[in-house]
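Several structures are given next for inspection.
One chain, chain A, appears in both complexes that follow, with chain B as partner in the first and chain C in the second.
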Partner chain A sequence: MLRARSHGWLLSSPYLVYAAVFVVFPLAFSLYLVFHRWDGMAAPVFVGLGNLARLVQDPLFYRSILNTLEFLVIHIPLQIVFALLFAVALNSITWLRGFFRAVYFMPVVVSGVVVTILWQQLYSYDNGVLNTILTHLGLGRVPWVTSPALAMPSIALMATWKNVGLYTVMFLVGLQDIPAEMHEAARIDGATAVKRFLRITVPLLRPTMTLVVVLSTINGFSLFVEPYVMTGGGPLNSTLSTVLYIYNQGFYFGHLGYGAALGFVFALIILVVVLIQRKALESA
Partner chain B sequence: MRNRASTVAAYAFLSLFFVAFLYPFLWMIASSLKPDLEIVSMGLTSSNYTLGNYLLVFSRAPVVRAFLNSLIVASAVTVSVVLFGAMVGYALAKVKWKGSVYLTAFLLFTMMLPFQLTLIPTYTLIVKLGLTDNLLGLILPNMLTAVAVIMFRQFFQSIPDTILEAARVDGCSEVKLVFKIVMPLAKPAVVTVAIITFLTSWNDVLWPIMVIRERDLMTLPQLVTTFVLGGEAESHLGAKLASATLLAVPIVVFYSFFQRSIVQSFASSGVKG
Partner chain C sequence: MCRPSTATAVLLLSALLAGGCSRNRSASGGGGAVVTLTYWTSTNRQEVALATELVGKWNRLHPKIQVRMQQLPVNQSTEEVIVAAVSAGTTPDICSNIWPGSVPEYARAGALVRLNQFADFDSLVRARMSEAAMAGFRSEDGNSYQIPWKTNPVMMIYNRQLFRRAGIANPPRTYSEYLADAGRLTFDENHDGVVDHWMGYRDVRPIWWQRFFDFYTLYCAAAGDRPIVEKGGVTADPQVCAEVFGFFAECFRNGFYPKTFFQFDPFIAGNVATEFVGPWTISYIKENYAGQIDYGIVPVPVPDSYRGPESTYGDHKCMVIFSTSRHPAEAWEFLKFLVNEEADLRLLQVASQIPVRRDIVWAPSYRSFFDANPDLRLFASQALTAREVGQSPDEKEIFDTISQVFEECSVYNRSTPNEAAAALLKRIGAILAWNR
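== the complex of A and B ==
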């Protein structure tokens, strides 16, 4: 260990400068903006709790929160179930494992813009691939993204397709940490595969599970590109995510004070949700 | 017997989803090469393959320019995050000074903050600095991340002090020590931070559409987004899919070369972060 105060400060100086400009200042400025009305040009006007009072009565804000929660409630369980299934299946084979893993992971690295443009066509009502398959099977067409009730679930399904590879490899790492002898011993004792999965695999995967839930929650709260490109937040605001709403208010309409207030309250909600999740998952 | 049955089941299951993950991409590429009228088909083949869709995209959108912009931004951000992240991570892991405890606590605190909190304030800052319609507006706010510093710190902690002492006795300066001795020893951490930083920067859309409005300065994902949404593609499905394919190709090529490191970086990043 080198004992030198000056070296510590000197080597940390890039971060200190960066944090002063791009962390501390925006944080302080966000607090300032929450209490001001500002269009970015004229002088900011102090409005006290005006922005927050407006937010509490803003039906679109509530709508956007509910939409985001709807996305999370569909997306996370779907993702965990499929990621676990993929990871267990991949873990049980050796030949072609890396190949399958590589293909499953590909949508993770490809831009959300690509995935959304692609799925927009797959979801198309009249001649999309999914509805073509359904009509060939003698079933009716599904209004994937044109129906307010289905649009958000459809986006959640698409997001699962895009992200599941990431959580699959995380579970795969977790599975490989479980000693094979544990399964072997349980098998000799007569435990069935299902029982071994529920009694050995699932409990030992708890740390990975916590990580996956927290990460996908944080990612889900960032939902923006998919509704922005796919639906623009429609139909009837059914896919208006909170980040999309903040973008619209703060950037598109130029309501910077109100946009900052939305971001502030939304950040608090995210923190509370993530903390509750952590507590619940770690004590469960 | 049961073991063999379950292996067959695993392969069947995995093959089914292999198709589900790969086919949409193949369909996108094939359809981008077809005339609009044929895109309704689910198949990949056509007797009328054409480059018309691509010619339309290239004639209406500065694709090459946008590709270079993305490359400049993502490379600059990556080099900065790796070099500065390693420097700061070293100061926190291997230099004994009072500030390190506080700084580490501060970094962990900022990691908890959702970006939604500072999105609008940071945007107004960029406006005030006159950095809208400037690639620096995309680079500067992303030049360091708390996650990168913490990852480097954790990795550097496992490097034995004796190696550093030896170098110090030889008169090596601290900065030189970071770049000449510590970083080469920490190649896995460097690769992980570089890959994740590069891909995150390359795929970002929200920040570019706020900061950049001039078409010649747009990043590739942003250009494709505005091309598809802004009416330039009109109702040409083929052109939309061609622009999406152009956006996918560089990353898929990159991915096919470094697939193993990329997957491992992401798999480990969550655990460490």
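== the complex of A and C ==
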């Protein structure tokens, strides 16, 4: 019995070591930093609640939260609508199905930096591909990422293009779990395609929908690469996401303690949002 | 120096996991100890070639003090590498690619050797620069932790062909002249209704170091000896700040500068008529576009009322000795070798970069080089009065604030130049107060 137990510990040890080094220790150390001022080099200085006091008075932190929420409000519905449409379309075709699935999934596996640099060329105001097309059509140029009002929606559009393939695959799996007999019975009863989609497909996809919403919310909260590469958080801080702000504080300005405080508070906010979201979706 | 065991442990562990923090500090030979120094150089191709040559020569001349050269580990910036190395205690003995603005942070962390402890420090520095110039590199505690090695003074390059086509005989010297010329040099060449040629171009993203090459260059040119921050207080000249913000606001408001991000150099492509550049641009043009671009180099523009000497931002790089060195005296000897007259000549010849020497323009050793490279003589002349960022540990945050205000006022016209200048001084004051 004792021997079996020790074997159990031995077999679990790789995970335990991994968790201790990469999860428990960094978390504990971050919590320690919340109450210290540290530039990464000199000895940390205890500041008590100083970092948290600064945080509650920091307008850029609130601005970054609002920016991230703006991104989520645009990105998640777009993501769900397009992913569901693509999944339904891919589920119904038989010709080149594998090819189309691979094509939709391809942007997901391409590096975010590469995608962002490519979209930078599309969005460029004076010499971008989109504005060149618009001017050739006799239309005006659009300040995609140089207008404070349009920059975040433009980033949300790009992020949707990049990630939609992943959620399309999830919806496809959900669609394939719906018994064909249900659609068949509804069709015999005279239900139109739209009715079948709204009354059968959508309700039965609820577990997948919950998963997609929760995952895309968490991914959306971690928005970083796109504004970091494309806009640097501008124009006028309109694309300054919270993770980008935390990164700037921690790694550019050497305020690792303040960065840790921002990170902890932000994690709590994400937790609350996801819990509310789950509750709302499950009770709907 | 006392460091927290937890912090050190996690960083050391990370370094070990990443696969490399073994140190080979010194070895004992049969006939007496051989000291081994580690020297980190930039990853720039020409600087690696220069360092390889100089280290090879040193090692031949000094069998008892051997130097092992390494390129700076790959990372986004030198500063990130150094911070990680300081935390993990894996800094080299010497590094030659240090941005002066980061030195106060390293010094505050006790990571650097105080160089003015060496008896011949003063004589070495006096041979290289004036007392006034050296003062800009002295830390707030009155000590010197860096030797200014090289400088890339920022000047204005202009496309002579575009100026000639626009009927402009001479490049602009003042803001008014610049803006007047800009009206003639910003145009739609192919008449498709879209402007495709501009007077200039600046990256409009709020990236702190981008402001070295627009706001700060023009501030240095117009503010004389008045730094942004000195001895823990805000010393920036609000009038000059407002003039510089206002100048760039005119450029963006009138469309003389595009609000875009080019993936190519628009000056080299012939799309912009002027650019604020360091000597690296000249080397790049000579190497890749020799004879294809008709360009001239002049000092950056100044306010119309300015009457002082020509100055600019110097974009210096320094050498330091890290306090982890077990052989600081030997490291100091090697550092002196890296900045001797001959090594400085090789810096010019191999890397086309300007060594920090007060006699650089007229010393016989460099005359033939400058005769063959008259463009670089212009940069060398500017080097004598070029200024550096301050010696505050908050330089990056200060420049981030400059970037924010620049964006608000100059790029997006959300505040007047005077409001922007007042906001800048106030925000910098808040940063200094918080970080104190």
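Please note the rule applied: the second predicted complex is superposed on the first by the 281 of 284 C-alpha atoms of A that agree within 3 Å, B and C clash if a C-alpha of one lies under 4 Å from a C-alpha of the other, contacts with A are read in each partner's own complex, and residues count from 1 in each chain.
The criterion applied here is as follows: contacts are C-beta pairs under 8 Å (C-beta built on N, C-alpha and C of every residue); 3 or more make two chains touch, one makes a residue touch a chain.
These figures come from a predicted structure and were not determined experimentally.
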Comparison of chain B and chain C by chain A residues contacted: B
Chain B versus chain C as contact partner of A:161, first or second or both or neither: first
Which superposed partner A:49 touches (first chain B, second chain C, both, neither): neither
Partner chain in contact with A:202 - chain B first, chain C second, else both or neither: neither
Which of chain B and chain C A:260 touches, first, second, both or neither: first
First, second, both or neither for A:40, with chain B first and chain C second: both
Partner chain(s) touched by A:108 [first = chain B, second = chain C, both, neither]: first
Touched partner set for A:243, first chain B, second chain C, both or neither: first
Partner chain in contact with A:117 - chain B first, chain C second, else both or neither: both
Which superposed partner A:26 touches (first chain B, second chain C, both, neither): both
Footprint overlap on chain A, where chain B in one structure and chain C in the other make contact: 21, 25-26, 29, 40, 117, 121, 127, 132, 232, 251
Residues of chain A touching chain C in the complex: 21, 25-26, 29, 32, 38-44, 54, 117, 120-121, 124-128, 132, 135, 141, 143, 146, 148, 231-237, 248, 251-254
Residue ranges of chain B in contact with chain A within the complex: 6-7, 10-11, 13-14, 17-18, 20-22, 24-25, 27-28, 31, 39-40, 42, 84, 87-88, 90-92, 94-100, 103, 106-107, 110, 112-125, 127, 140-141, 143-144, 149, 161, 164, 168, 174-175, 178, 199, 202-203, 205-206, 210, 221, 224-225, 228-229, 237, 240-241, 243-245, 247-248, 251-252, 254-255, 259-260, 262-263, 266-268, 270-271
Residue numbers on chain C that touch chain A, as the complex places them: 2-4, 6-7, 10, 13, 80, 83-84, 86-87, 105-106, 108-111, 192-196, 204-208, 258-263, 393-394, 396-397, 400, 404, 407-408, 411-412, 414, 434
List of chain A residues in touch with chain B within their complex: 1-5, 7-12, 14-15, 18-19, 21-23, 25-27, 29-30, 33, 40, 85-86, 89-90, 92-93, 96, 98, 100-114, 117-119, 121-122, 127, 129, 132-133, 161, 165-166, 169-170, 172-173, 193, 211-212, 215, 218, 221-222, 224-225, 228-229, 232, 242-243, 246-247, 250-251, 256, 259-260, 263-264, 266-267, 270-271
